[in-house]
Every structure is written in structure tokens, then in C-alpha cells.
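In what follows, subunit A forms one complex with subunit B and a second complex with subunit C.
And now, the complex of A and B:
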């Protein structure tokens, strides 16, 4: 545990030098403020312009889902970039053969930042939410977002050999978040084409108000994480 | 010309090797599916947002990683001692990335039912040039990917936010001359004012000059020493 803690602190120092630590601290609050103040303001302007009774209101809960997903993605994305740097600089393989080990390395680079992002999301989401969400839904959205963050970090590390490939994979892997749009915008049975995405079930939890979908969402995310964890392990071997 | 052409082809091979073509083939299919899933009335504006924020802006997203990888492979160090000019390097980057952007934008414009595909392509080319040149400028100043991502945030905010608001008609009329908004007018298949086009071209020339200048400086100052 001590080695994992030291490794995590080492990474924080690395990130701090790039000012990314400051960005990671400020951006969730900034995005939260933009959503909390900007979206209702935009709604007011749009209703005045269009004459419609509401424009964005039906999607307020979608903004909450996306906000809960963005915070962990920011944290995990930053750590994924650090891991890519360490891979390009051949630092990771040296760390693997220390006391830290491969498992400890990924715990310090993926699991700990994700756990931290869960706490931050669980604190900020109730303050910045736009829709009426229960405590259970707030905790679920924080958890679902955190699992997505882990998935994105593992996708980036598992499917790229260098920084450039990492950026390309990041682009694709960020699409994992978009599954939550399907229950809002894609009609009828077609939406289930995206049921392999955990975020799809996150959207279903909020739109259908069915708590059983929480379990489905977590199980689908867990399946992704297990498969990707094995992929990362094979890549390092 | 032959040297530039070789560099242009090398850039395209580099992009193919690192999966750019595969990535954008996948993204084009994905965006096409998304467009087909949306109501017809939404497709035009959604396609414009997708084109403007992804294929057109790919240079801004990838340039940091491209330059850092080239640096780590010492490619830029070799450029510094060849007869290659910085403007040839920058131009080849802009045009090779824009080649991908134009193909993706063409497909998305066609799928969305746009009748102004030519205007969409012109808009994609101009916005692609602006974003790629900004990407080159930022890439010459950074030492890590996280730095690049952080430094491109203001460019993204200044580029995307006004353009998307402009697309939905919630910006003041005079902002149609703002280059990002003029590009968005083209990408969405609407006409652009002459002054807007003039400002856009002027911005591209300005950015191109500074991108070349900074690239040359980066080549000359590698490893903490002047070559």
C-alpha cells in the first residue's frame, strides 16, 4: 500500500508540473457552474426566441448524466496521458519490476484517481444538478461516471503503443459516454443497438426510472473493465 | 516542389501508420449512423457541428501528439539539418490533415442532405487550416501531452463556443465576421459575407507566418541547445 501511495504522489507531482493538477481541480467546478447557470439561462433565451414553453427542460437530466461522466473522464484522461508519457519514456516497465509491481502501478494510475473522482463527483453533482434526482440516483450517476472513466483509461492504455495512437484511441473511447443520449433521442427498438454501452443503461435509469437498470449498467461496465484489464495485462506481457 | 510532395506523401503515410485513416473511417460510419438516427430537420445543424468540431478540428487535437512523437523519434532534429523549409513542413501538415477532413466532411454533408457540399468543403478547409495552424503553434511550445491539451482549451473555447451559438442564431449580427463563425456559416452550407471571408483568410495567413516562425525556432532549439 505504501508503494502505491508513493507512486500516486509521484504521479501527482508529474501532473502538477504541467499545471494539469490545477486544471483538474478547477475544471469540474467551472463546468458545473456553466451547466448550473448557463443551461437555465440558455433555456430562458431559447423559449423567448422560439415562443415554445420549453426547449432544453426535457434534457436537463441528460446534462446531469453528462456532468457526472465528465468529471471522472477528466481525471482518468489525465492519468492515461501520464501513462502514455511513461510508456514512451520506458518508465513504466522499470516500475513494474519494483516493489510496486504491475498491479500496484495500475492501481495508483487508474483506480486511485477514479476513486478520487467518485468523491469529487458525489460532492459537486448535488450542487450543480439541474433535474430532480434522488440520493440513490446521484450516487449511481457518480459511480457510473467513475466506471466509465476507468473504461476510457484502460481503452487508451490497452489499445495504443504511443502518444499519437493514444490520442486516436482517446477520440474513439470518448464515444463510450454518448450511449446515454440514445434513450433521449433514438426512437423505439433502435436505441437497444447501443445496449452494449454502460452509458446507455445510465440513460435508461434516468429516463425509465427503473432501478434494475442500475444493476445492468454496473454489470455491463464491470464486464468492459474485466475484458480491458486482461487486454492491458496481455499487452504488457 | 518535389521535396514538398515527398513530405506531403510521408505525412500521409505517417497518418496511415498511426491509424488516422482507420479512425476516421470508423468515426465517419459512426457519425453517419447518428445522422440517420436523428429526425431529418435536425440533420443539417448536427452535421455542421460534427464537421466543425471533429474532422475540421483534428489538427488541433492531434498536432501535439504528432510533434511530440516526431521529437521523441528525433525526426524534427533531422529536419533541422536538411534543406527543408519550415513553411513546407507546416503546409504539408495542414494539407495532409485537411485531406482527411475534406473526405469526412464530404460524406457527412452528403448524408445530411446538404445541397451546398462545395460550400461545406470550403468551410471545412478554412476551419481545418485555422485549427491545424493553432495546433502547430501550441505544439511548438509544449513538452508533454497534458500541457498541449491544457493550452488548446482556450483555442477550443474561442473557436467552438461562438461558432455553435452562431449556428443556432443566438449571437449578435456583427459576429458573423468572426472567422470561426464565418467558417461555421460555410460548413452549415449558408453563404458567407465577403468581409467574414477576408478576416478568415487574413487570420490563416497570420497564423501560417507565426506557425512557420515558431516551428523554425523549435527546430533550432532542440535538446536545450541552439543548432
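And now, the complex of A and C:
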């Protein structure tokens, strides 16, 4: 545990030295402010312009879902970039043969940042949310977002050979978040075409108010993580 | 220190390491020699516990490699062929970080830096280091926790003659300190100079294993070549052990007519080619 803690703290120091990663790290606060202040302001402007009673209000919960996903995705993107840089410099392989080991390395680079992002999401989401979410829903959205963050980190590390490729894969991987749009915009049974995406079930939890979908969302995310974990393991061998 | 019995490993259905058997004694420098793709790196990965899916047995420091825990790495130091440093950090920051990943910190970082002539570059970013400086830094990184077993992969690659000598002296110094050293190299001169025993590996199999001296002596005879002047420069050769039978040489010696004479032994590279039918590069 000591070596995992040291490795995690070292990664934070590494991020502090990289302006791009540091900026990404503080961006969830600004995104939260934009959502909390900007969306209601936009709603006011749009209703005045169109004369409609509401325009964006039906989608306020969707903004909350996306915000809950964006925070962990940003943190996991940062750790994925650190991991790719360590791979570029062959450092990951060296760390595998220290007392940190392969397992400790992934705990310090994936599990701890994910846990950290869960805590940050659980703090920022209630402060910046637009819709009326229960405590259980807030915790679930924080967890679901964290699992999506882990999935994106593993996609980036598993399918990129270097940092440059990682940037490109991150953009494509971010589509994983968009499953939550389906329950809002895709009618009837067609929406289930996206049911393989964990974010789809996250959207279903909020729109259908069915707690059982929380379990489905977590299970689908867990399946993705297991498959991607094996892919990353094979890549490292 | 290391016992390998009936070791077989494959990445695909075709075996890559085939029924390999060898042991390495404590305090010994053991060299793996073979061309690229021979299986040296795979063997090293197995012994480092990175490829647990092997058949047979590979015991390092009394522990089966596939069953190791994190304490396994407390007694192992690795110097990969390529640099494994954080380029944005200084040499000292790198060494301090990597040494913090072990329970014991046995060696002084300043002393190690001084030993490889990097004491004045300790606070310089590694990205500003030359290839030779990175090689030296990489080497001492493997020593920060004073391991009992060292894996060195091409430790002298890319070094100028002075630093090559420095590195070899440090390796011999570590041997004197009681370390067991596994050396992977293409450099036959280094292997001859450093290794107590070497194994020739080709196609995932060990073709020969002995001390460099025994290998050279068992497979080839030293040759004496001499020159003299008779209608221009003439050259002739004979085997060292048959010098007394060479009448021409005796006559030239008796008449003080030799222009030059020197003996040459076959190199380890010659022996490698003779045994395996392959070159090392």
C-alpha cells in the first residue's frame, strides 16, 4: 500500500508539472460553473426569445448526467496520458519490476484516480446540478460516471501505442458517454440498440426512475472493464 | 540463485522457449548470448515474473517466478537496454522516486552518482542527458535498493570506450560485493571479459553453456601467424600446439629472419558461429 500511495502522489506531482494536464484537472470546476449559471441563463434567454414556457428544462437531468460523467472522464483522461507517457518512456515496464509491481501500478494509475474522481464528482455534482436528484441518484451518477472514466482510460491505454494516438483515441472513446442521450431522444424500442453502453442505462435510471437499471448500468460497465482490462494486460505482455 | 528446469513458453501455439535447463550460482556473472529474436528477452521476462504462463519450473531466489509477491522485487535490480527514466525529472529526482518504491534504501544516491561520474549532473533534467549518461544513470537506478540479483540488458551499449570501461569495472565491483548478475549482450568482448559462464541461445534453445575460456579452448585451437622476407613479404601459419613441428618456422627463428610473429585465438563470436551456425547480429 505504501508504494501505491507513493506512486499515486508521484503522478499528482507529474500532472502539476504539465500545464495541459493541470488545466484539464481544474476544468471540472469551470464546467460546473458554466452549467450551474450558464444553462439557466440560456433557458431564460431562450424562453424570452421563443415565448415557450420552457426549452431546456426537460433536459436539465441530461446535463447533470453528462456533468457527472465528464468529471471522471477528465481525471481518467489525465491518468491515461500519464500512463501513455510512461509507456513511451518504457517506465511502466520498469515499475512492474519494482516492489510497486504491475497490480500496484494499475491501482495507482486507474483505481485511485477513479476513487478520487468519484469523491470530486460527489462533491461538485450536488453543487452544480440543475435537476431535482435524490441522494441515491447523485451517488449513482457519481459511480456511473467513475466507471465510464475507467472504461475510457482503459480504452485509451489499450488501443493507443503512444501519447499522440492516445489523444485521438480519447476523442473517439468519449462517445461512450453519449449512450445517455438515447432515452431522451430515441423513441421506443430503437433506443435499446445502445443498451450495450453503460451510459444508456444511466440515462434510463434518470428518465424511467427505475432503480433496477442502476444494477444493469453497473453490470454492463463491469463487463466492459473486465474485457478492456484483459486487453491492456495482453498489450503489456 | 536461479534454477530453470524444463522451461517451455509460447506466445502462440508454437513453442518460443523450448525445454530450457540451466542454473546460475550465487555471485556468478552469467551471460545470455544470442541474436535478436532468440528468446533472451522472453527468458528475462519469465525470470522477472512478467510472463507467468510458462510450463516447467523457473525458480529465482528460492521463489517460483509465476507465484511471486511484491517482495520478490526487493532482491532484484533491472537495467533494461533502453532508458526507463522520467525525462522531465532530474537524475536525482528519478533515483529518489525509484528508490522510494522499495522497503529498504541501502545505497547512497550521491555515492552512486559519483561512481558513474554524474555527480555534477544530478540536478539536470534527464532529457538533457546524452545516451551514455542515460545508460550510466539507468545502471545505478538498478542498484539503489542494493539487490542481490542484477539483470543487465546490453549495459555497455552506446557507451564510449572510457565509459564502457567504467561500466564494466562497476559490474565487476558489484560481483565483488556478492551480487549475482545476469547479463544479456551481443558484445562478445564484454561477455568474454565479464562472464563466468555464458549460454548460447538460438531459437529458444540453449546450444552451449560453459565459461568463455572453456568454450574457446574446446572448440578451436590458437593459431600462430608469422612473416618473413623472401622475394617480398611471405606469410605462414600453424597451430600453436604444433609450433615445434613447423620446420620452416624453426629455421626462420634459427636464422633470425622472422619479420613478425603473433598468435590468435578464436573469439567467442567464432565459437558461437561454429556451434549455432548463426551470427550474433
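Methods note: the second predicted complex is superposed on the first by the 231 of 237 C-alpha atoms of A that agree within 3 Å, B and C clash if a C-alpha of one lies under 4 Å from a C-alpha of the other, contacts with A are read in each partner's own complex, and residues count from 1 in each chain.
Keep this in mind: contacts are C-beta pairs under 8 Å (C-beta built on N, C-alpha and C of every residue); 3 or more make two chains touch, one makes a residue touch a chain.
The structure displayed is predicted, hence computed values, not measured ones.
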First (subunit B), second (subunit C), both or neither touched by A:100: second
Partner chain(s) touched by A:81 [first = subunit B, second = subunit C, both, neither]: first
Which of subunit B and subunit C A:166 touches, first, second, both or neither: first
First, second, both or neither for A:174, with subunit B first and subunit C second: neither
A:6 touches, of subunit B and subunit C: first, second, both or neither? second
Touch count on subunit A, higher of subunit B and subunit C: B
Residues of subunit A that lie at the interface with subunit B and also at the interface with subunit C: 18
Residues of subunit B that touch subunit A when the two form their complex: 18-20, 23, 26-27, 30, 37-38, 61-62, 64-66, 68-69, 72, 144-147, 149-150, 153, 169-170
Complex contact set, residues of subunit A against subunit B: 15, 18-20, 23, 42, 45-46, 49, 78, 81-82, 84-85, 88, 162-168, 171-172, 175, 185-186, 190
Complex contact set, residues of subunit A against subunit C: 3, 6-7, 10, 14, 17-18, 89-91, 93-102, 104, 237
Residues of subunit C touching subunit A in the complex: 48-51, 70-71, 73-74, 76, 78, 80, 82-88, 97-98, 100-103
